[in-house]
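Take a look at the structure below.
Chains here go by letter, A, B, C, D, E and F, matching the order in which they are written, and residues are numbered from 1 within each.
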Amino acid sequence: MKVGVVLPSSNREWLADRQAAYAKWARPGTEIVSSALHERVPSDADPSDSFVLPEILQRMLEAEQDGMDAVIVDCMEDPGVEEGRRLVDIPVIGPGHAALNLAVTLGYRFSILYPLEQVRLIEKLVQHHGLSSMLASVRYLACGLKGMRADAKTMLGYLLEAALAAIRDDGAHVIVPACTLISELTGQLGIQLRERGYPVPVVDGPGAAVKLAEDLVDMDLAPSRVTYPASLGISHRIE
Amino acid sequence: MKVGVVLPSSNREWLADRQAAYAKWARPGTEIVSSALHERVPSDADPSDSFVLPEILQRMLEAEQDGMDAVIVDCMEDPGVEEGRRLVDIPVIGPGHAALNLAVTLGYRFSILYPLEQVRLIEKLVQHHGLSSMLASVRYLACGLKGMRADAKTMLGYLLEAALAAIRDDGAHVIVPACTLISELTGQLGIQLRERGYPVPVVDGPGAAVKLAEDLVDMDLAPSRVTYPASLGISHRIE
Amino acid sequence: MKVGVVLPSSNREWLADRQAAYAKWARPGTEIVSSALHERVPSDADPSDSFVLPEILQRMLEAEQDGMDAVIVDCMEDPGVEEGRRLVDIPVIGPGHAALNLAVTLGYRFSILYPLEQVRLIEKLVQHHGLSSMLASVRYLACGLKGMRADAKTMLGYLLEAALAAIRDDGAHVIVPACTLISELTGQLGIQLRERGYPVPVVDGPGAAVKLAEDLVDMDLAPSRVTYPASLGISHRIE
Amino acid sequence: MKVGVVLPSSNREWLADRQAAYAKWARPGTEIVSSALHERVPSDADPSDSFVLPEILQRMLEAEQDGMDAVIVDCMEDPGVEEGRRLVDIPVIGPGHAALNLAVTLGYRFSILYPLEQVRLIEKLVQHHGLSSMLASVRYLACGLKGMRADAKTMLGYLLEAALAAIRDDGAHVIVPACTLISELTGQLGIQLRERGYPVPVVDGPGAAVKLAEDLVDMDLAPSRVTYPASLGISHRIE
Amino acid sequence: MKVGVVLPSSNREWLADRQAAYAKWARPGTEIVSSALHERVPSDADPSDSFVLPEILQRMLEAEQDGMDAVIVDCMEDPGVEEGRRLVDIPVIGPGHAALNLAVTLGYRFSILYPLEQVRLIEKLVQHHGLSSMLASVRYLACGLKGMRADAKTMLGYLLEAALAAIRDDGAHVIVPACTLISELTGQLGIQLRERGYPVPVVDGPGAAVKLAEDLVDMDLAPSRVTYPASLGISHRIE
Amino acid sequence: MKVGVVLPSSNREWLADRQAAYAKWARPGTEIVSSALHERVPSDADPSDSFVLPEILQRMLEAEQDGMDAVIVDCMEDPGVEEGRRLVDIPVIGPGHAALNLAVTLGYRFSILYPLEQVRLIEKLVQHHGLSSMLASVRYLACGLKGMRADAKTMLGYLLEAALAAIRDDGAHVIVPACTLISELTGQLGIQLRERGYPVPVVDGPGAAVKLAEDLVDMDLAPSRVTYPASLGISHRIE
């Protein structure tokens, strides 16, 4: 099967890296096809910016036309996922909801590690999906979003510190790092937690999204049209 | 004070009618200034369409620049309200949330009368604002959206039928019609219900929105920047 | 319009001060008419005392007879508001619920600043109105109720300390001081918070109550008789 | 032990009947001591009337002074129970909450049978005690409050009809008749349901209240002063 | 009446002690009949172990055959209680649920004191019975399960420390120690709290269970067969 | 990978059929290894019977010892899944929770089709996993459990009737048939619903379970030891 990944940015330099972050989770037979936004989008635009939304949706429409079996948006805040489900017939998947939803199959209460001080931006995803009663906490990653480009060892230190605080002080049973950029570190974070005596699963967003895409395609399932009625309006970017 | 009303449509023929629907609720000293979307938006676009969103936001930005003290979006689904609160500093108000919020000051449980069969589109507004436990029901208005252009008497018949069903069968304590187009009938609906022995308030969306705008401006209040962090990205339509 | 304010105390010395606290929020054309309880009520009675309740209700009945268009009880615990709604036909408004309800239109989660150690007394108001999921915390104002008569600067210090703790430690998005006595300081509290980098709205109880009274009268709305059935019994104080 | 029962009415003709309704549940060693309200209360006053509240509280204070070990208010709406807990140190018990609380130890979801069309009056008791998620329905007893004085067989017919509807249509697991006047019929209602193939417990309010009183006295427990802080004000009726 | 108590252990040396823990709460006329599990169960088995469950159920069946009027399982995690209710017709009672349920009649929010670090094991009981919104916290008793065999004074110190933390830091209104082994100390814990200025009820599990058993037998009530359908399968241990 | 399927029955005649029900969903490289319970279990035992539980757990332990990478229990009520997670280190998966969890990624509200009149038995699974707010209804399949052995066409008629009622009358957005025996019909049910104008996903339990097993093994994830602490007791059947 072919799974499209929409990078919600026009920065093509990141494409190879993002392609790899998803491809590592794909099983044999799953092809990951990533694409960036149109060049007209400023290269430093925020993926969750409302003015960027139509550009993401446009790429979803193109992904469907290009024969993708499912499409993922590469951002844990799931920008455009709810809206896109009304526009295309293939499954649209957000790594944020996919990770949270996998987390609650593994434990009773999860904490999110988040690189922005504006924690409300991720908390509202939890609330939107009816999972508030299972949220232990959102922990701010002290490195910030810019610090995420630090070397792996430094970054892992930040993740470990926040995860331990979530487990010890907030009662987290499962950890969900909420930035797809640090996807390569989730495995190591889980190992480090186990070594310190906390056998707590760490759920990776891109991994959860790829698996959910494969599951839905295998089972021939798509989002409900009662929850996501076909769009009543136009279905292309206004130029 | 000046309160902007954004008609989420490019159809200028409706402007006078919409201006009136809000102006009738304005107290002395409140000026309603309505504006339609740019002509590039197809005239039959759905106000809640994701591709229309940037056009609504653009009008909000212009409303702030034009010296409005607050801005309202003329649609009960509140398209662009949450997003706009991150873009401008003046209060952004949706008639949907304003009406629901006023409804719960008047009674324990409300029903919504809605002209689309896709009731999920309004139900998610209720859920988003944490009011699900007070929702008695969403009743579909059998006339449909197109039937809303019927004469007042016919339309009132549909509203009355749905409201009575909501009260008798669903246990509604308060009624919220969810279409700003029938704003002129809410008063009559309330009277008819009372005459039939049901002293149940009927909350008008445009009215609730104008009153909330006046209240917030009077009290020098604006939405919290913790809930609505200033946008991290671009602040204009991508052309 | 005429809006009655019932001071839930027999202490007439406070009437001018209380009148002013509400009148400052009234728009042109709104007349505030305040009244104290009958002299038989001990001057140091607690406004929320159950034995004082009939005296408050009696004043509400008189307010309606005197031609008031709406009536407010001057206490953030809203004593007599629910009961009064069953006795009179004009809107009965509590500054507590009015403020909480305005707070949730501005942000996702609020904290209450409260001058009594018995925080349950205000928390139950939150619970009663179905707002528990939006309550970040109740913060005790360390000055206590008696300290509220301190000079404005000292009092503002207490409010600021509690508000900052609520924002930083409890995740408050909006602040609601729960004592009508410090109404004159809410504006300054908001400014001080903004100056410290926390653009968090502070909602004033008397202000919210006056605005809600004006809104309901403008819209010809009154509480639902399904939620508040007309009293089945006597409608006057038992002597 | 001695358990006071306050009849929230001044009608002394009913005292013997009410005394019996509670005494039948008392275990050996428990003495039921019932008392009516002062004669100044109109004989047809509604027990839940706000103006009657101080009279009920006055009787509670007297019950404590008279050496009662606990006190019950004879009405399923529990008038004065929350307020009284702040005034006296002995346990104050309402048959409404006692019955609901016993119901949820026996099954997952209960229905209430209620003789007033104003079902909100009992529904708010459910909500106040955090039991809404376990409420299947409130079923109106078609006989009405006046019909409750009918002969036992007629009355049992009404109860049975409502209970069967609650079980079959609303998914009730437990039945709580919400009128203390029909206490003598709860046992028969349970038997009739069982005979019709519905082994669903029927919880009697007076019975639940007497048992809870005995339990609390046996265990030397009283309501928490954190939930019910000692009254901050006067502790006697204002004359 | 006769109330069976099943000690979920095969250790007969504890029987006298456990018998006493329940008998002290029994009113005149109530006979407590305790029994241990069959000797084939390892003497150090965990009462909540899944492999022990059939042994507990077997004892319940025997208790019913032996003419018990109700049966209690002596462990605050209520092992086998839900399952047993489907097997026998007499009331099956767990001290955990009985205590929690009594706690919420006394105050708005409770904390549990628990001797295992695996607090989830008791938290899930709270969740199962729909009481999560009333749970202030679960406090780990630093002595651990083994420390429970310490002398009474030492043990009381641990309980007091945890209870005070729950009241001051977590906002507990009621305290529920969740280990039946320290039942003899609950009375003293309540006294000590009162002496320190915290009039907070302490609810004893065995006491709550005995009282509930007496209540249900007095009222001729048993769990609902809609919530607990009669077992569809075998009704004896598989050998 | 190897995925064990435990048939919670001793009836070996069914093994081939059950093996096939799961194998049809396995991707290349996933081997399904099914096993029945020990012969000592009566052949007509109810899979959810408490006395059968240790036998299911025993099979889980054996599955882990036999090198399975994950283990599934073949019953939508998920008997033994919560308990088994405390006993083994490989993922233990129930088709019930797996299906519900997949359902909520596809739509806002689901209905369950269930072949037993005792709907509480499946409703408690929903409640246990915190999904009650997303449950539209449980619809009884009028054929009953025995009718499930009917021919496919008859059975599909029952499923279709119940699904249509759930969608039209209960507001279901997604359908979850809760019997693994009719797994082969879920695909056809989805097609039939679509043909009748209801594009509503139908989630198959065995399919959801196999996919979740594959996902967790791929991602090297197992249930949290905070939610499911390692058993504190014995880890084998008591003989």
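Basically, contacts are C-beta pairs under 8 Å (C-beta built on N, C-alpha and C of every residue); 3 or more make two chains touch, one makes a residue touch a chain.
A quick note: this is a predicted structure, and the numbers were derived from the prediction, not measured.
*Asks:* In terms of residue-numbered contact pairs, which of C-D, D-F or A-E coincides with A-B for over half of them?
*Replies:* Looking at which residue pairs coincide with A-B, the repeat is C-D.
*Asks:* What chain is the most remote from subunit B, judged by the mean position of CA atoms in each chain?
*Replies:* Between subunit B and the rest, the longest centre separation is with E.
*Asks:* Could you work out how far the Cα centre of subunit C sits from that of subunit F, in whole Å?
*Replies:* 53
*Asks:* From the mean C-alpha coordinate of subunit B to that of subunit C, what's the distance rounded to whole Å?
*Replies:* Their C-alpha centroids are separated by 28 Å.
*Asks:* Using CA atom averages as chain centres, what separation in Å is found between subunit E and subunit F?
*Replies:* So the centre of subunit E lies 32 Å away from the centre of subunit F.
*Asks:* Send over the residues of subunit A in touch with two or more other chains.
*Replies:* As it turns out, subunit A has residues touching two or more other chains at 108, 120, 133, 173, 226-228.
*Asks:* Is the way these chains touch best called a line, a ring, a star, complete, or other?
*Replies:* Drawn as a graph, the chains match no named shape, so other.
*Asks:* So, with touch as defined above, which chain pairs make the list?
*Replies:* Touching chain pairs, listed by label, are A-B, A-C, A-E, A-F, B-C, B-D, B-F, C-D, C-E, D-E, D-F, E-F.
*Asks:* So in the complex, which bits of subunit A are touching subunit B?
*Replies:* 40-42, 44-46, 48-55, 57, 80, 83, 86-87, 116, 118, 120-121, 127-128, 226-229, 231-239
*Asks:* Can you list the residues on subunit D that touch subunit B in the complex?
*Replies:* Checking each residue of subunit D against subunit B gives 120, 123-124, 132.
*Asks:* Given the complex with subunit D, which residues does subunit B contribute to the contact?
*Replies:* On the subunit B side, the touching residues are 108, 133, 173.
*Asks:* Would you pull the subunit E residues touching subunit D in the complex into a rising list?
*Replies:* 25, 27-29, 97-98, 101-102, 104-109, 129-130, 133-134, 167, 172-174, 187, 190, 198-201, 203-204, 207-208, 211-212, 214-216, 218-228
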